[in-house]
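In the part that follows, the structures are each spelled out as structure tokens.
Both complexes shown next keep chain A, but they swap its partner, so chain B is in the first and chain C is in the second.
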Partner chain A sequence: MKINNNKIYGYLLAIGTVMGANLAQADVSCGQNTGKAASGDAIKVGGIHGNAAPGDFSAATDAAAAYFNCVNANGGIHGRPIEYLVENDQWNPELAAQVASKLVEDEGVVAMVGNGSFVEMSVNAPQYARNNIMSMAGACAASECFESSNIVSTNQGPLASSIGAAMYAVEELGATNIACIGLAIPSVGNWSCGAVERYMTSKNLQGSSVLLNPTAPDVNSGLLEAVASGADSILINLPAGLAIAFLNSAQEQDFGDVYSWTSSTPLYDASVPGALDEYWTDKVFVNAELTTLDGQGPDNQNWLAVMDAFANPEDPRDTFSQSGYLSARFFVDTLQAMPADKIDDRNAVTAAIKDIKGYRSDLICGAYYVGEAKRHMPNHAGIMVVLKDDGFEKVRDCYEYESPYFAELIETEKSLKLR
Partner chain B sequence: MKQKILHLLLYALGMLLICALLAWGKPPKIIGLFVVSGFAVGSLYALGGIGLVVLYRATGVLNFANGAVGAFGVMLAWQLGQMGWPGPLTWAVGILAATLLSLGYGLVIAPKLAWRDPVVKAVATLGFAIVTLGLTAFIWDDDVRRFSLPTDKQAVMVLGLRITVTRMIVISAAIAIVLGIWLFLSHTRIGLQMRALANNRDLSALIGVPILKVETIAWTISGLIAGFTGLMFGDLIRLEPTVITFMVIPSIAAAICGRLNNLGLVLAGGLFIGVVESLLTLSPLLKQVRPIAPFVIAAIALIWMQRGQKLVFSRDA
Partner chain C sequence: MKITRSGYAGIAFTLVVFLLLPAVANGQWVKVFTSAACFTLVTAGIAFMYSRLGMVSLGQVALMGVGGWVMLRMNHGFDFPFEINLAIAATVTMLFGWILALPALKMRGLYLALITLMAAGGIEVVLSTYRFPNGGSGFWGVLPSVAAPFRRPVIAESDSAYLQYVIVVVAIGFALIDLHRRAAPGRAWAMIRRSEAAALASGINVVYYKAWAFGLSGLLAGLGGALLAGSLGLLDSATFRASESIMLFALAVVGGSRYWLGAVIAGLLYRVLPALFNDWGWDADLTLVIFGVALLHAIITAPEGISGQIIALLSRKKRDTT
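Let's look at the complex of A and B:
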């Protein structure tokens, strides 16, 4: 018998690929961990992200998709696979409403997981409540995302993260007057920088807001406005690209040592140290909503392993990716605990999600819970890192943020016996 | 001539008056900072506007794609820099790429629209801008990047604000281009042919103006300016293709301040828009309207300077 060499190479390559994939998957932990592919009717789950100029918020849905793929390859949920349907709102409110209707009403998804957008939550919060569906978001930025009955996120958003940064500026850097630089987007900049102002007032200190138009080319005027406010500390609460432009303007004026510099989470991105001049080394302190990207905890290591085995190599490994993974994991854990015959029943799934109490992960500082409430922000403690030449270094471990804003949440946590 | 100078003086006086009103009651040191900051941004608008007017005067095409080809050029320069190419070579390749894109459009698409209405020509370049932006965004996905020049590190103090050498290069380049183009158009044969072509394409063709050659030169000059402007925008604004592409919008406002014709007024208009935008920040009430400032200023300038004399989009009318 004549053997075709190419065929042999093909078989060897196929065997090698399968073995490689198995090796890659050997140290991941997903769902039931059976190592067998799920089968049967799929459980439909939805996800919406915003990906168009000026920003890409798809990291959370990418990570959720990777985790669901991992779960599907490891026995699924009660043996059934998850079909994850992801849509892009392109930062367009009309499109955001359309894709939500498509997923919730036409496709009949049982829950939304890993959503990430500036727009989607503000538009769709009433629709989720009306349809009694829960959104376990991963990349929230607007107030409606944290102040709605049917949305809960694993990330903190700009308000909590900015307060965390402001606390560090006051307690560790001696700030007495903070200028918070935010985006002039309703429910985003005024909401989060306003909370920083109220935090400063609660400490008998001064705070002010400078809101930048996201498309404005000139960030210099914003910098000068902050200078004119009399601030001694500047808190940057902007998407990374705009934040870097702002820091470049400040560097141009040699303000690095004139003010103390803090930032909310968007600057905690692996690309940032390379995009900033070494001038900023040890000068910019950044709040991180979840653990460090190289955190050695088992869940963070599992996130990295799942991304390596089941995500595209170009998918970001950032904070939103961590939170998307975590939302997906908590969702899968919740469905696993439900009776098998109830996991297609949206009302039952919603009730189970609202019943979540005290889930833990080394990715977040506190306990994750949902509960029946008009506001959800389970993650309101974080860490601080400082910018280094080639990365970041942790300078403060888990600390809980203080602000009048969290009083209601703390009461809920007490009633759930989580404190 | 006297009347023209009087108009220019009134124009300048109006600009000063608006700036004075916006700055009224603020400490001189703060005003100085905002004025200098406004000049720094305004010089970028002026540079973009000059690139638009140079091509418009020579070919009758208002090129909305200038920002997009500049964005492609600076992204390419950044990419080559990441690959370890020496700085000056990356800048040259970036400017060359923008020039080739501009020239490609000028030689392949623009001649097919040569006899169409100026508005059609302008809208076609908008399509080219979107295609170029799409291509750029496809090659370089959304990420945090920085493009810097060695001149960013050197600076002088002007009214309390540090002005980097890069910003001084922008202002100097804007003035040098205005002077250079004026000399070129008024003292060279090609310049004369460009003016003839812009005034009346049919007649120019009949009297033997080499249309292809003249337009090739015009698109090349425009591409060079767009490439240089792209590098400056990438360094001084931010390295985001969308932001650089749409910098063409305030640049158009600056160009309209010069009636798409007078490069000196484009320079003045761009600087004025930058200063007014900056000074608006001082007013808690008016700072929200900063994004529309370029267009309000362009509209006022247009109403004042045209006064029924000339149509912007139909030079032959």
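Let's look at the complex of A and C:
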């Protein structure tokens, strides 16, 4: 039999690809780490993200999908693979309700993992409670996500992150009067900037909110309103694109040294340093909800390795991706600890998730827990980074946020002996 | 009162969807059909104004938002039953439609369309700025946290039962339009459509009957918005953008404004087709291309829309068999 050169090259390429994939996978740690593909009936898990204007929140479900693929390639859960069904709510409340019904009622998923949206949680929180299903979200941005009995997220959301930024502004930058710039969405901008105001009041300092119309945000008038408030520090609590526009507007007025500048997490994005002028180097301090993207901890390194081996190259590697990965990992750990015959039982899975306490990871500062509660925000400690020419530099390591808002959470943590 | 063949067909259609849809549709599709039914009611109002009076209103989806706002405000502010809240939401929207109509009624054609579109833009700004009530205090009732529970009708608390409830209300809406068509307003509208001058000469109060039509259309839009609020338990301003009013008017033309079937087709195209595309993993925005082509088709070759074509086809078949 004659084998031509093209065939030989083809075989070599195939062998190389398989070896390359194996090498890439050799560095990852997922589930049971058996190296053998899972088989048998799939365990159905759902996920909903919002991907349309005004933004793409699919990073968390992308990362959860990558981790589940990795688990499926490494023995699955009790030998069975996970079937991850992801839907897009397109920021449309009707669609959000429809896809939730599809996943929860029609597909019968045992849990939701990695959800990321402004809209989905607001619409579906009652449905999750009614169907006794837990959502282990990854990219929450609205109050409903943190104040519902059946949703728990690994990210912090705008309230905690903004308070973290405000604390840094007061303690390190000497701020006495902060203007918080947010979007006029009650459960997002009003909620989080309102909490910053209350934090400032609790310190006998001044705070105010400047809320932009989300359908027609005018950054120039927002900046002028902040200046008129008499603030000496400006806290930007906007999606990255708008935050960049706001900073460009402030640069035109040469306000860089007139005020101290802080931001909640959305500005902690690898594309931001390239999008901003070097004028802002060492001037903008950003709160990060999870560890730095290049963090050297084993779990962060595993996240990067899983993304390289199992995600699409174009999938983002950002904070939401980290939190989506972490939600998926905690979910898999929980199911692995359950009896094999219970992992298809939604009520049993929900009970097991609510029983989580004390999960640790170098991706987050504190312990992750759920518990039976009307609200959940296990991650309320973070880090601060400062903008540099080519990236970010950590300026403050893990610190816990102070606010009356966290008092109830702290009591819960004490009762669970996590503090 | 004599029931026409179209009326019998409508009653039969209502019975079939009332019994069949909740039985065959799963959780996702029950919600999709509920939305489609709410928008069918609004389209019925748009279509009757266009076909009976030749008036183009590009603000009906915004009026639907007004109905939804009042419904949520009533639900969170008072303990009235769903039906009372529904009636108040529809009445307030009707009054709102009247107020909107008064300055607009001196206009016709393109100018009327532009004025209603600008009103829709104004409502969009208000709704996106102040949002929908979700259980908070004060006039706007907005709480920066989890929405308070929404009370559905006692007889229709499950999604399937609620779909049946909405179907019944939509059927009542169609019956209301038909009753008007057969009574004095219908005759006045027919004369106004033919010639306003002739109608005036015959002693018809043109402004009064035009305002009546706007009010009826507003009532139907208010009902649609209130029912949609009941389906989701909360609303978002993005659903009621001015551009959506234009889209729904275009679909009323595609479906055919003369027949009840046209409004049903428009409601299905508006909500079921994008849901199907989503389900198949296609981009739902592709439906906009299809709607554009369908509108061109309707304008060029089928002025009575898809429903007109279906009815013409059925009439021809009947003629052939006799």
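Couple of notes before you dig in:
Going forward, the second predicted complex is superposed on the first by the 418 of 419 C-alpha atoms of A that agree within 3 Å, B and C clash if a C-alpha of one lies under 4 Å from a C-alpha of the other, contacts with A are read in each partner's own complex, and residues count from 1 in each chain.
Just so we're on the same page, a contact is a pair of C-beta atoms (placed from the backbone, for glycine too) under 8 Å apart; a residue touches a chain by one contact, two chains touch by 3 or more.
Model, not experiment: these values are computed from the prediction.
Once the two complexes are overlaid on the shared chain, A:Gln206 sits clear of chain B and of chain C alike. When the two complexes are overlaid on their common chain A, residue A:Val272 makes contact with chain B while staying clear of chain C. Of the two partner chains placed by superposition, A:Gln32 touches none, neither chain B nor chain C.
In the superposition on chain A, A:Asp254 makes contact with chain B only, while chain C stays out of contact range. When the two complexes are overlaid on their common chain A, residue A:Asn132 makes contact with neither chain B nor chain C. Once the two complexes are laid over each other on the shared chain, residue contacts for A:Thr281 go to neither chain B nor chain C. In the superposed pair of complexes, A:Gln301 makes contact with neither chain B nor chain C. When the two complexes are superposed on chain A, the residues of chain A that touch both chain B and chain C are 184, 213, 215. On the chain A side of its complex with chain C, the touching residues are 87-88, 90-95, 97-99, 101-102, 104-106, 119, 122-123, 125-126, 143-144, 147-148, 184-187, 190-191, 194, 213-215.
Taken together, the chain B residues at the contact with chain A in this complex read 30, 33-34, 37-38, 40-41, 44, 137, 141-146, 148, 152, 155, 161-162, 164, 233, 237-238, 240, 242-243, 246-247, 250, 274, 277-278, 281-282, 287-288, 290-291. Here chain C touches chain A in the complex through residues 26-28, 30-32, 35, 124-125, 128-129, 131, 134, 136, 142-147, 149, 159, 228, 231-239, 271, 275, 278-279, 284, going by the rule given at the top.
Contact residues of chain A toward chain B in the complex are 51, 53-56, 184, 213, 215-218, 220-222, 224-225, 227-228, 240-242, 244-245, 248, 252-254, 269, 271-272, 274-277, 314.
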